[in-house]
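There are two complexes below, and they share chain A, which is joined by chain B in the first and by chain C in the second.
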Partner chain A sequence: MSSRRSRASVSEEEINELISRLQTLLPSARRRVGREASTTKLLKETCSYIKSLHREVDNLSDRLSDLMATMDHNSPGAEIIRSLLR
Partner chain B sequence: MASTSSSTPAAEVEVEERCRKRKRAARAAEPAAPAQPSKWRTRREHEIYSSKLLEAIRVVRAGPSAAAGAAAPAPPRGRAVGEAADRELAVAARGRTHWSRAILASRRRRLQAAHRARLRAPASPPSRHDAAAASASAASASAAAAKGTATPPLARKAKVLGRLVPGCRKLSFPTLLAETTDYIAALQMQVRAMTALAEALSAVSATSSPGAGSSSSSSPL
Partner chain C sequence: MRGPNNAASSSTSKGGGAMAAFKQDLLRNLLLGLRARTAEAACPFDAMSLQERKRAVKCSADVAMAAAAPRRASATGGRARWPKAILAAAAAASSSSHSPSGTCKVRKSACKCKRVARRRVDAKRIRGYAAASCDVARRLVRRRTMALRKVIPGGNAAMDDAALLRETMDYVVHLRAQVDVLRRISAAVQISTSLRDPSQSMAQL
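Let's look at the complex of A and B:
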């Protein structure tokens, strides 16, 4: 077991730290009841969260393309948006 | 510099490796250590991304045929916007993460393939194979190492995760975790920026065309 540890370049602690950092991003972190989440559950939740984010981006991009289609370039509205974003 | 850590050689090796990684990052002239997910929460990044996204969407709207050369007339405008959004996100990452490089690389491959298909007989499949073979051979070594750091049931989930995050199919487990963390933070910013943009645009179009029917999103959520 010790030989495997010396061969692996990343220790358990670093993996645990990465996992906890990932956990803080997930929406379930808000109702966290101590660090009970197993890594498997965390990974599963991460996968479903990424999928839902992808879906939301797709919805938003559809909505944005519809909006852009109806909008006029030179309308004052576009100017306002551009100045707001800058 | 006195190090108060234990005297085990393993610990010393780890500390040394961490120092080496930090020096390598500093030598690459990048101020931050491997991509910090917190940067996706800054207002500045949000603003930069929003303005770039608006520009990209406007380009998409202006002429998809001009860009893609009519070789891909099919991507519905919604998907084209999504792709522009992803591309801007990848650019914002400044090439420090695997997933951003994968997004940009796949987009470049597709454009090159479309371009070559326009000029002459398609020579694109070989280039795709080369790129895939290169990444596969370089990553098979890390795949072998991955088995040593993740037990089998975890490895299955990790594989699913690797498929979701672009360009991370064959990374080692800890690298995959870091990439995922950054990718999720970036996606969150993308959603925030696109939502704000959509709200702003719908508000503008609602006011600029009064009486154009019912606009259901007149009140913020």
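Let's look at the complex of A and C:
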């Protein structure tokens, strides 16, 4: 029983460490320096953050598709994009 | 890459170097993918409907991200799963071509599942108030973990919570980079279209 507990506590430590590493990625990391948030709150925030990133990708894709429709796509436009972003 | 590209990756210890390469690969994949899509498809970009075009760009962006994902060990300590999941989903979507109603149905059923789950959690919370608080906390963490699995590509595959957290971190880092690349492309396309009209660019200056 004790061996099982120690195994479980090791993985719990690992999970806690992963959770705190995950916390540093979230946008609220700067505001929450030094203050620990609960696991459930962090997981919830992670979900909403990923969903908001998905929404942003959707919006940007929409904007890009609109822009590309108005531009000549086998044109210098593509070359300019590549050189601007190199 | 010119310009500050460290905004999205500054929080990771990997540094901007790895993410810069990923962004360049993503950009290249995206341009190639879009070009291939318009070349091989019967209808060129302009002839697509608005919906089709938006879906094509979105799908290309995701496939570009998945294809550009580094193969070596990253945050996951092994190979991340989400790129394969994205590519598998894209392949399935393209084989069952033209099924916008299909994706809508999937999303609707997912929303329904969420609603039902939330009701169950509330009921258990009321009943379990007297019970051990750690038990309730564990159940809430379970719900949150399940919600996270739905949002991460390939998250529903069998993996323990530690692996899920590593996947999440890897996915978030790359997702942010994807957003960054798309932002820059949009800005660049905007510039390039205004450059072709010299009167417009003079006005901007």
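Just so it is clear, the second predicted complex is superposed on the first by the 70 of 86 C-alpha atoms of A that agree within 3 Å, B and C clash if a C-alpha of one lies under 4 Å from a C-alpha of the other, contacts with A are read in each partner's own complex, and residues count from 1 in each chain.
In this text, a contact is a pair of C-beta atoms (placed from the backbone, for glycine too) under 8 Å apart; a residue touches a chain by one contact, two chains touch by 3 or more.
Being a predicted model, the structure only gives us computed values, none of them experimental.
In the superposed model, A:I19 makes contact with both chain B and chain C. In the superposition on chain A, A:A29 makes contact with chain C only, while chain B stays out of contact range.
In the overlay built on the shared chain, the residue A:K44 is in contact with chain B and with chain C.
Comparing which residues of chain A touch chain B with which touch chain C, the overlap comprises 11, 14-15, 18-19, 21-22, 25, 39-40, 43-44, 46-47, 49-51, 53-54, 56-58, 60-65, 67-71, 73, 76-78, 80-82, 84-86. Here chain A touches chain C in the complex through residues 11, 14-15, 18-19, 21-22, 24-25, 29, 39-40, 43-44, 46-47, 49-51, 53-54, 56-58, 60-65, 67-71, 73-74, 76-78, 80-82, 84-86, going by the rule given at the top. Across the interface of their complex, chain A is touched by residues 1-2, 11-12, 24, 27, 31, 34-35, 38, 45-46, 50, 53-54, 56-58, 61-62, 137, 140-141, 144-145, 147-148, 151-152, 160-162, 165-166, 168-169, 171-173, 175-176, 178-179, 181-186, 188-193, 195-196 of chain C.
Chain A makes touch with chain B in their complex at residues 4-11, 14-15, 18-19, 21-22, 25-26, 39-40, 43-44, 46-47, 49-51, 53-54, 56-58, 60-73, 75-78, 80-82, 84-86. Chain contact summary for the complex, chain B toward chain A: residues 10, 14, 17, 37, 47, 50-51, 54, 57-58, 60-61, 77-82, 85-86, 145, 148-149, 153-154, 157-158, 160-161, 164-165, 172-174, 177-178, 180-181, 183-185, 187-188, 190-191, 194-195, 197-198, 200-202, 204-205, 207-208.
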